[in-house]
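Letters A, B, C and D mark the chains as written, and numbering starts fresh at 1 in each.
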Amino acid sequence: MNVDQPRVAILTDYLLHPTDSCLMLTSENFYLLELARFIQEELGWSVDVFQVSPIPERRFNGLNVKGIDAPPDSNGMYQTLNFSFFRAGLAYDLRIYHHWHLAFPQVCHRSIVISQGIFWDSPAGVINRQNSVGREEWEKRLLYAVAAPARFVAQDRNTVNVIKATWPGYEHRLLYLPPGVDLERYQPPASRPAAERVRVLCPQDFGLEQGINEIISLAELLVEAAPEVELHIVGRMREFSTAIMLAKRIHALENCRFYWVPTTHLAELYRTFDLALLPYRAGVGVSIHCLRAMACGLPIVAGLAGGLAEMSIDGWNGRLVPPGSARILLEAVVQLARDRDLRLRMGENARRLAEGYPLSAWKRRWKDLLERTMAAASPGIDAGALED
Amino acid sequence: MGSDRRVAVLDCLFMLDHGRRLTYDGGNRYLVNLHKILVEMGYEPHVWQASGTTHEYEGIRIEGLPWGEGEYGCQPDLNLQFYERTSGFDRSIYMAPMLPFPRVRKHSVVISHGIFWDFPHEPWSSLSGPFKQEWLRRLHYALTAPDLLVSVDTNTLNWLRATWPGHETRQTYIPNFVDTALFFPGAPNPEKLVILYPRRLDPSRGIDEAKAAAEIMCRRYSNIEFHFVGRGINDSIEAEMHAWATAHEGCRYYWLPMHEMPDIFRRADIVLIPSKSCEGTSLSCLEAMAGGKTVVCGRVGGLTDLVIDGVNGCLTEVTTEALVQVLEHLVRHPDKRRRLGEQALETARGFSLANWKRRWAGALSAVWGDAE
Amino acid sequence: MLLTPCKDRRVAILDTIFVLDGSCRMTYGGAERYLILLHKLLVDLGYEPHVWQPGEMTHEVEGIRVSGLPWGTVEYSGIPVLNRQFYEQTTGYDKAIYLAPNLAFPFLRPRSVVISHGIGWDYPTHPWITACGPFKEEWYRRLQFGLIAPDLLVSVDTNTLNWIRALWPGYEERTVYIPNCVDLDAYFPVERQREKVVVLYPRRLDLGRGLDDAKIAAQIITRRHDFVEFHFVGRAMEDADEAAMHRWVEEHPRCRYYWVPMHEMPAVYREADIVLIPTRVGEGTSLSCLEAMASGKAIVCGHVGGLTDLIIDGLNGRLINVTPETLTKAIEDLILHPETRCILGQRALATAQAFSLTAWKRKWTQALRAVWGAPGS
Amino acid sequence: MDHRVALLNTVFALDDTGCVTCGGGERYLIELCGLLRELDYDPQVWQPGTKTHEIEGIRVAGLPWGGMEYGTLPELNKQFRERTAGYDKFIYFVPVLAFPHVRPCSVVISHSVFWDSPLQPWTAHGGPVREEWLRRLHQAVTAPDLFVSVDTNALNWIRALWPGYEDRQVYIPSFVETGLFHPAEQSPDRQKTVVLFPRRLEWNRGLDAAKAAALVLTQRFATVEFHFVGQGAGAVTEDEMRHWAEAHPRCRYYWAPMREMPEVYRRADMVILPTQCSEGTSLSCLEAMASGKAVVCTRVGGLTDLVIDGYNGRLIEATPEALIAAIDDLFRHPDQRARLGAKAAETAQCFSLKKWRRRWAHALSTIWGDLHAVDPL
């Protein structure tokens, strides 16, 4: 351990595909890369990432990505991964658990746990499939991950509120640290000339609850209801075979496209759209996709779920809709598609809202948190026991 | 709700495409008739079920869905597949009580065919502790989360009210139906007195008590014939039943396709429905009543919604002694038999298909609010 | 307590695994050494001990008769089939000793004694600590039974007894604290002057014993101080872990890994200057710690389990909450202050005198007399 | 930086004249406040009550306290939270005060595992009542930023029940003023042997065992004297004790103000602390040790952190028999008494007030250091 350059270990589930060396393009992973880059480049500390993978060590984007071959158990818990990381993490100065559900049964000393949002609010979620004993166990462990680390970072107010309501008396262990967006890079275009087509951005991580099926159903409905609207599903799936299947389904729809672009091109791409559609149902914290889209001046149509509600004020910067229904989406999308002025006005408001989440503030907060945590001396040894 | 008229219907095991064994269960007839109503009401029903293939049944196209592992009597993966496939639908119907777990769509209806967890051999009846609790939690969700629960009997609703009161406004009672055009009275065999058991060969249906009663009755009365008409869940049960019937004079065992059943009912004098549990407003019972027959029923589930003891049939405990006692009484009193049969026929008219359709139409327009 | 004198001198002892079937090889861990000492004491007192363990064969090792028993499966950390078999086999006996609490469920012989070697479930990844609801309750129920149902619980540390008292108070009368002992003839200090400082880790290679922390501390300290050597002496549960340790020391200068038979351990201790017992979890009154104390070494311990019965921070050693940072700090303090090392070592040696074999025998004799009456009377 | 520290106490014991009676808790609090001042903090104490007192220069304000629920005081806790809205550093003097709410940068102090008594309602209960009590205890232990325990017993107990929170727990043993409490310069009167019981007249402090021992041993040895020095729960208890002492030869009962206690210890030959339960690192034990006396302690709670049996005192089972045997032994062996006493005095140096203050200062710096003020949003 070099005193001058603290070492940070970050634990996540899947940053890269476990066997193929491609990045899993999810909101959480964008966040992780941003955070790692910030720690390395601006704090000058070193960062290693640990994740589920049989490959012991890889390099990605200037990061060492270390594999721990330990998939989740039948309860959806990552016990083995957690334990292996506990051991490996001892050699570092500071540890970050990038997901709430990775931080039990045991966190290391001097650790920060990040919540990516309330992940169990879907009826289909892993916790709802347990019996009372299993759910009690989940609850116990979730509380542990809040109470035991040096700090628990909540990125959205929904997480804060759920924790407060579920385990009153632990809210002081939380740190609300909202995400940030690069407002320079993600900017609205100089002008949005009137066009015949209305281009809708649908950023997707293809998580279970991001409403991909609603988007496809919407596309079917739009053929008749608003043929001028085209949907662009932007993202990359984890498995090639499922991506092919999805592509086939989408191929049959003339007004719908499915592709992904490298992160460097995202800002440029986002600017070409007229509105963003995030019909997420559940399991969402703050979405970096949402922030980026807003920073590019896109009004958003978002599902009332998790942290999205914090980003979207219905009727001001877009529409906040009850999730799960293609027809309600249709109504909102058609409204925005048909009314250019409304779209532009809401887009301006969206940009204004995004300006409340500047990357600089995010960096300042993280710097502060990391330095405080790093500076905390361990109470575990009596430094003066040997003096008189 | 929009102008979309599509209705997503999830059925659990409409047709087993692997076993090739049609058990002529009430469920199929229920679906066929419900499908008809929906079409008549101007809806476009789309039916899914757990299956690897797509097939057609009586003009209904049925799409298969992967169903995953069963958990606590539920098929959560089937449910979620259904949810994802029907993202464009505004209305849905779950044909059986455990299907809505873990996630229901808006404007959904679930149908209960009667309490099925009152039989000690039913896997979820005998459990205790966290497993039972989890099963109950899922049952609770499945019956309370949809916008409407349609129950074929009052028994289910009463149990629910006693267990989880407060959901009554989203529950309705639509008893089963009988097609009186198919099932109508006819002259029985004048030489023999025929006692018919028209059910599956299942302990919960009282098959063992019926057999024991048959043995006693046939010993005592030479002019009696017992007909057991129904399938077992596997070949060996049926073979066993054949052997038993052959060994006992006056007892017969056979089974027939659906369309020949009305005739069977017409040829009987007394119909036995000796259910011990897991019973709604039994279709067999209604069919026997529509045939003007004297019915002898177990005092369980929805049967008490149909039969009032001594008025339009007999309700009894299902024990061999009790069955023998009731049957002997009926054998000795042809007048009583006739009177009960007439009242049964009268009763069955109230459960006509037309009434059933009217009730369903009313319920659906209440929950969907847009019947044409 | 039953004080009825019994003529039968036989004592039935149930152990987990003492001798491995087929090899006749003994693994000289703490538990095995304990059994040998106890067996000898019983013989000296005029009893006739007979040992049972899971297995199929009968062995005779170090004058101890060991018979095998079918053991079935492990349930909630216990081995009920083994327990039942033992119970059936020993129907003629009226004295029994269970060498661990998890062996003492569900059947107990009258006048039975159970030994607790410390709390072993005090870490988050323990299989039953991670359990919940009725399963956890069942585990607790059996644990409680094994601890409090026998006529006497002998605990090697006060921690176990205090834990029990705070969870299920009222059983104090049936418990006794008999700390482990150290052979002061085998373990003794030497006078030595030299340049280098040897830091010894004399434990099993195990996270709970603080191996990972010790390795990191070794890495940092050897880099900072070129006169310091780290010796890791002990076996692992798996060959692969031992191989990994060999590889690790090859990559790290002045770190050594080896293991020696039991009788050579005193020399290994004498060769050291600082001894690490950086236990994180699951510790009684550690034999290694006692041996290091008897060898007059400065010791750094985790403040866990029975170690606090042996060490008082700053008096005869160091007690820390083990992390790589605290361990490094504690070792470095001692490296930089030879005189402190010397004082702590001297006091540790003086403390060790209180844990002599004689004292241990005396305490055991008294305890047994309380449950079994005077032998042979 | 705000220098104020809000401290929530249960209650300062006051005698009839409104003066503070110096029990262990009160002395701890007074020392802690003194230390805080020295560290440039400004401590403010709240406690249940209606009046505001000034005790040893500490302002103590009263708070409405509602009732007790499952051993906790939620209303008091809430009142404290409301009154200290402007503060950003907090100390909860005992764990039961830290429920349901703790503030950021808060410290909770455990003075002992106080629930290890069979008479304690929460341990005696089963089922949901006990579960709820445990839930609250769990929260009080895990929610604060720092959990300070005066003994390792509480930490080990917690670890064996809820492992994984060690990083925020710290062991700071109690203190003794070695300047006041020190061995006598001359050896005491050889004509008699004084056995001192320097505790409150309470069952859980082992009063009954001590009386039983006094009865037996004053009979057995003509030169033994027993001194019971401590207050009772009320005048009645003290009168009873006085009558009892008068009725028994060479048994004396009195109590001395704090400033005279060092002399009381110095006049004794041995000190007995036959605690039954609910004990931390007892101040009395430390004072006896600092006075160079041979102590006889039970192996309960934090006493095992101070005394190593046969090295610096005796650690015995909590029965009158064991107590009698130990005193008898020490009576017959004055040399052993002297040896243990000398070691005890040496040990006490590790628990000096100075070290205690340094330990606390370090622990507080880990959470209240400049970098650890409240996180800005």
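Rule of thumb we're sticking to: a contact is a pair of C-beta atoms (placed from the backbone, for glycine too) under 8 Å apart; a residue touches a chain by one contact, two chains touch by 3 or more.
Not measured: the values here are computed from a predicted model.
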{"item": "Each chain counted as touching chain A and chain C at once", "value": "B, D"}
{"item": "Between B-C and A-D, the pair joined by more C-beta contacts", "value": "A-D"}
{"item": "Distance-maximising chain from chain D - centres being C-alpha averages", "value": "B"}
{"item": "Chain A and chain D, separation of their C-alpha mean positions in angstrom", "value": "50"}
{"item": "Centre-of-Cα separation between chain C and chain B, whole angstrom", "value": "66"}
{"item": "Distance between the centres, which are taken as Cα means, of chain D and chain C, whole angstrom", "value": "31"}
{"item": "Distance between chain centroids, defined by C-alpha means - chain B, chain D (Å)", "value": "73"}
{"item": "For chain A, residues that touch 2 or more chains besides their own", "value": "104-106, 109, 132-133, 144, 378-380, 382-383, 385"}
{"item": "For chain C, residues that touch 2 or more chains besides their own", "value": "123-124, 129, 133-134, 313-314, 321, 323"}
{"item": "Per-residue overlap in chain D, given as positions that touch at least 2 other chains", "value": "163-164, 166-167, 169-170, 350, 355"}
{"item": "Pairwise chain contacts, counting only pairs that touch as defined", "value": "A-B, A-C, A-D, B-C, C-D"}
{"item": "Interfacial residue positions of chain D with respect to chain A in the complex", "value": "99-104, 106, 139, 142-143, 146, 163-170, 172, 350, 354-355, 358-359, 362-363, 365-367, 369, 371-372, 375-377"}
{"item": "Residues of chain C touching chain B in the complex", "value": "133-134"}
{"item": "Touching residues (chain side chain A, partner chain D) in the complex", "value": "104-110, 144, 147-148, 150-151, 168-170, 172-173, 175-176, 368-369, 371-372, 375-380, 382-385, 387-388"}
{"item": "Partner chain D, residues of chain C touching it in the complex", "value": "119, 121-124, 126, 129, 158-159, 161-163, 165-170, 172-173, 176-177, 179, 281, 303-305, 308-310, 312-315, 319, 321, 323, 347, 350-351, 353-355, 359"}
{"item": "Residues of chain A touching chain C in the complex", "value": "1, 79, 83, 87, 90-91, 104-106, 109, 132-134, 136-137, 140, 144, 378-383, 385-386"}
